[in-house]
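These notes are about the structure you will find just below.
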C-alpha cells in the first residue's frame, strides 16, 4: 500500500462522506445536534484541497496532512478525534515512502485507536466511534497475523467496523452529546461509529481496485 | 425551512459581517471568524476568550466588550470552533497577564479549546480555563460527558470579565469564574424544535400538546417529554430541578432566557412564576435578566439559570459592561 | 398552539407581574395595566406616554425609564388600550409641563388616545400628540386608514424622550418627535405568521416557500405574497420600498428589527445586506440597532426602519437611556 | 319598548357575541388582527356585570351604561365606535322611563350612526360597521314611517343589516385595519359589519318574545 493507495483512500472517504452527509446528519439529529455529516463533509472537502495543493510524497504524510486538516477545519467532537486518529496513524507510518504492509497498517490503526481513546476517554461500549474503530483494528491485526491477503483482511476489518457500528444501536451513550439523553439514546446508531464504518468501507473499496 | 439567510454555508460569516457593520466597538475578523473588542489586547489585563458553536446569539460574540470578553470564536452552527481560531484569538487578546478560556462543557468545545491551549502554552502564553457545566438536566456521573454548559456562561463571562477589568491576576479571575459556575444551575424546556440551516428541517418532532424537558441548546432532544402545561407548572418543574440540586437560599441572580423563537411577553410570564417560586423558598431575587441571551436558533422555549450570589459576585455583576448583548453603567 | 402562558386571558397581566419583578426601576400597576418609571411624575419635565396593543414587547413597556417614556399603557394582545388607562397614565406622569402622547397610527389607537386626551384636557392637563406613521408598505391615501406606525416608534420615543429629559417645553418635544417620524420609513417582511393566544391558531397560512411582503405588526397579512428568497434579495425589496419613498442620503440610523420568532443571527445576516444597500446608495450608516424591538408575538420575519439623521437627532439618539429594552450611557 | 326590553337586548347581544366570538375573530383574522370576537366578548361580559351591579332604570340609561362600559373595556377600533354608538343612542332616548316607540328608536339609531361616522370618518362603502348600521337605520326609519308593527319593522332592520354586512364582501376596505390590505381585502366580510348585523338580529329576537 503506497502513497497513491492512501491518497485514493482519503479521496474515497471524501466521496463517501459527501454522499452519506445527510444520512450521518440524520443519525446525529436523533441523538445529537444534527451536524456530523456537514462537519465531516466540510473537513474532507478541505482535506481534498490540501492534498491537491501539496500532494504528500509518503503514506505517513498523506495521513498526517489529513489529520491536521481535519483538526483545523472540522471543530466539534469529531474534528479533534478523527484528526488525532489520522495524525497518529501518520506518525506511526513514519517518514518512509516504502509500501505499507498489512501489519504496518494494523499497528498504525492501533495507534489511532489509542489516540482517540486517550483524547476522548471513551472505551468500547460507550456508544462512540471507538465501538467501530476498536473491533476493526483488532480484526485487521488478526487477519494480518493469520497471513490473509489485503482484500480478505480489509473485508474482515470493514465487517467488524460495520458490526461494531450496528452494535451501538441498543447501547446507552456514556460519552459525547448523546450521553445527555440517558436512556433515550438507546435504539439509535451512533453517528461517529457509522462514519468510522464508512471509512473502513472506503479502505476496502480502494484495496479492491 | 424558511430562514433569513443567503445560504446555509455562509450564515455564520454573513452574520459576522453584519456584526462588524452594527458594532463599531468591535473588530471582526470575518475570515478567521473571531470577534475582538477594538481595544484588545489591553496591556496588563487578563484576556478573556470564549467561543462555541454559532446559533446561540448573542452568546458569545454579543458579549465581547468592556467588562466582559476580549474575544469570541464562533464555530459553525452548533459546532465548536477549531483550535486555530482559539489560538489566533488568544494571541490577539494576550496583554501579558495571561488569557482565560471560558469553555462550555461539551466534548467538542473541551477538546478544541484544550488543543489550542496546549499550543498557546508552548508559545509562552499563560492560559487557564473555566469550564461551565450548570445544566442540572444532565446527570454529572461517570456515565455521561458531564453536565452541559448553558446559561451560567453569561454569568461567568460577565463576572470574570468585571474582575479582569480591575487588573486582577489570572488566578483570581479563574477563582471567581470557577466560583460563579459552582454557584449556578440551569434547566431548559422546549416547546418546539429549532432548525439547523444545513439540516433543513427541525431536529426533532414535538406534537402539538407535548414539550421537551431538560433540553440543551444544540437542538438535542431533552431528557423526557411531557404534556404541554401552563407556564406556572412548567416553571415549577424547571425550578424544582434547580432547587433539588442547589437549594435556593440567600440572594440569587436569576436569568429567564429565551431559546430564540419565544417572544419576550412569554418570558416575562415565566419570570413572574420563577420569582414567586424563589420567594416561596425563602430566597431573595436581587438581580435578574429576562430575554434572549443563550439561544438555540429558532427553538421555542426557555431556560432558567440561578446563581447564588455573594457580595463580591453582586458587586462584580453590577460593574459597568458595554457589549452588544449586555450593557449598563456606560 | 403551545405558549408559555397560564391562560390566554391572563397573559398581559401575568407578563406585567413579571416586568414588575424584573425591573425595580419601574412601577407597574398591574390592575390598571400601566407601567411607570419609578420617578414619575418628574416636576417640570414633559411626561411621555405611549401605549398600544400588547404582543410587541419590548415596545412599549420596555422603553419606560430615564431618557425615554414616563409611562406605557399596554392593551390586550394586538388591541389598543382603553381611554381609562391613558387618562390614568397621563395624570400619573404630569409634572406640570404637559404630557406627550406617542400614538401609532391605527384607528383603534388613535380613537382611544383621542378620547383620553379630550378628557385630560378637560381636567386641565396640557396634552399633545405625535402620530407615528412610518410604514411605506401602506399607501398614505384617502383610501386607507393611512400609514401604520411601526419601527419608527422606537426612534420617536428615544429621541423625544432625550429632549424631554433636558427640560425642553412640550412644543419642542412635539416638534422633534414629529420630525423624527417625518424622517423615518419602515418596511416589514414575514416568513411565518404569529399566533394570537386567544385565537389559538396562526393568523394566516404561508406555504413553505412563500413570504409576506409589507407585513404589519398585528399579524395582519401583508400587501403581497412572494416566493421565499435569499436574505440579500428580501433585504433589497424592503430597502427599495424605503428608498423609493425617501431617497437615502446623508447620515442614517437603521434598525433591523426581529418580529419575535426570528433569531438574532438571521437579523445580523439581514443587517449586513441592509448596510451594503445603504452604502451603495451613497448614504452613511452612522447609528444602528439590531434585535427584537417591535415584535409581533412569535412571528418570524423582520422589519427595517431608516431615519435620516440631523446633528440634533444624532445627539439626542446618543443621550443616555436606561430602560429594560434600550440602555446606554448609564 | 321599556327598560326590560333594552336590558334584554343587551343581554341577548352578549349571549350572541359569546356564541359568535370565534366566528367574528376568524373574520378579523382574514383581513385584520384576529381580535374582534374577543374584544366584543370582553366588552359585553363587562357590560353584563355593570348592568347587574346597578340595574339602570330607564332605556336611555341602559344604553348609556352599555356604551360607557364598552369604551372602558374594549379598546381597539370597535370599543370607541360601538361605545359611542350606544352612548349616543342613550343620550337620544333621554332620561325618561316611558316606553320607546319605533320612531324614537329609529331616531336614536340615527344618532348612533352619526356618532360612528363622525368619530371614525367612514362612509358607506368603506367596508366597516357603517355598511350594516346605515342600511339598518334607514330600514327601521322607513318601517316606522309606514306604521309597521315592531316585529315587522325589526325584521326589516335586521334584514338590511345582514344584507349590508354581506355586501361588504366584494368591497375593498378604505378604513380601519383592513385598508392596509388594499385589494387583498376584497372577498371577505367585514367583522364589524358582521357584529352589527348580530346586534340587529338580537334586537329582533328580543322583540319576538
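As written, the chains take the letters A, B, C and D, and residue 1 is the first residue of each chain.
We adopt the following convention: a contact is a pair of C-beta atoms (placed from the backbone, for glycine too) under 8 Å apart; a residue touches a chain by one contact, two chains touch by 3 or more.
Source: prediction; values computed, not measured.
A.B. asks: What is the chain whose Cα centroid lies farthest from the Cα centroid of chain A?
C.D. replies: So the chain farthest away from chain A turns out to be D.
A.B. asks: So how far apart, in whole Å, are chain B and chain C when each is placed at the average of its C-alpha atoms?
C.D. replies: 29
A.B. asks: With chain centres defined as C-alpha means, what is the inter-centre distance between chain B and chain D in Å?
C.D. replies: Roughly 54 Å separates the two chain centres.
A.B. asks: From the C-alpha centre of chain A to that of chain D, how far is it in Å?
C.D. replies: Whole-Å distance between the two chain centres: 75.
A.B. asks: Which residues belonging to chain C are in contact with no fewer than two other chains?
C.D. replies: Residue numbers touching two or more other chains: none in chain C.
A.B. asks: Specify, in ascending order, the residues of chain A that touch 2 or more different other chains.
C.D. replies: none
A.B. asks: Think of each chain as a node with edges to the chains it touches; is that a line, ring, star, complete or other?
C.D. replies: Per interface graph, the chains form a line.
A.B. asks: Please list, in label order, each pair of chains that touches.
C.D. replies: Applying the touch criterion to every chain pair yields A-B, B-C, C-D.
A.B. asks: Mind pulling up the chain B residues that touch chain A in the complex?
C.D. replies: For chain B paired with chain A, touching residues are 53, 75-84, 106-108, 111-112, 115, 137-139, 142-145, 148, 196, 198-199, 203-204, 216, 218-221, 223-224.
A.B. asks: Once bound in the complex, which stretches of chain C touch chain B?
C.D. replies: 1-7, 11-12, 14-22, 54-55, 57-58, 62, 191-192, 194, 208-209, 211, 228, 230-232, 234, 260-272, 275, 285, 288, 290, 292, 295, 297-298, 300-302, 322, 324, 327-330
A.B. asks: Under the definition above, what is the set of chain D residues touching chain C in their complex?
C.D. replies: Result: residues 25, 29-35, 38-39, 42, 71-81, 119-120, 172, 174-177, 179-182, 184 of chain D touch chain C.
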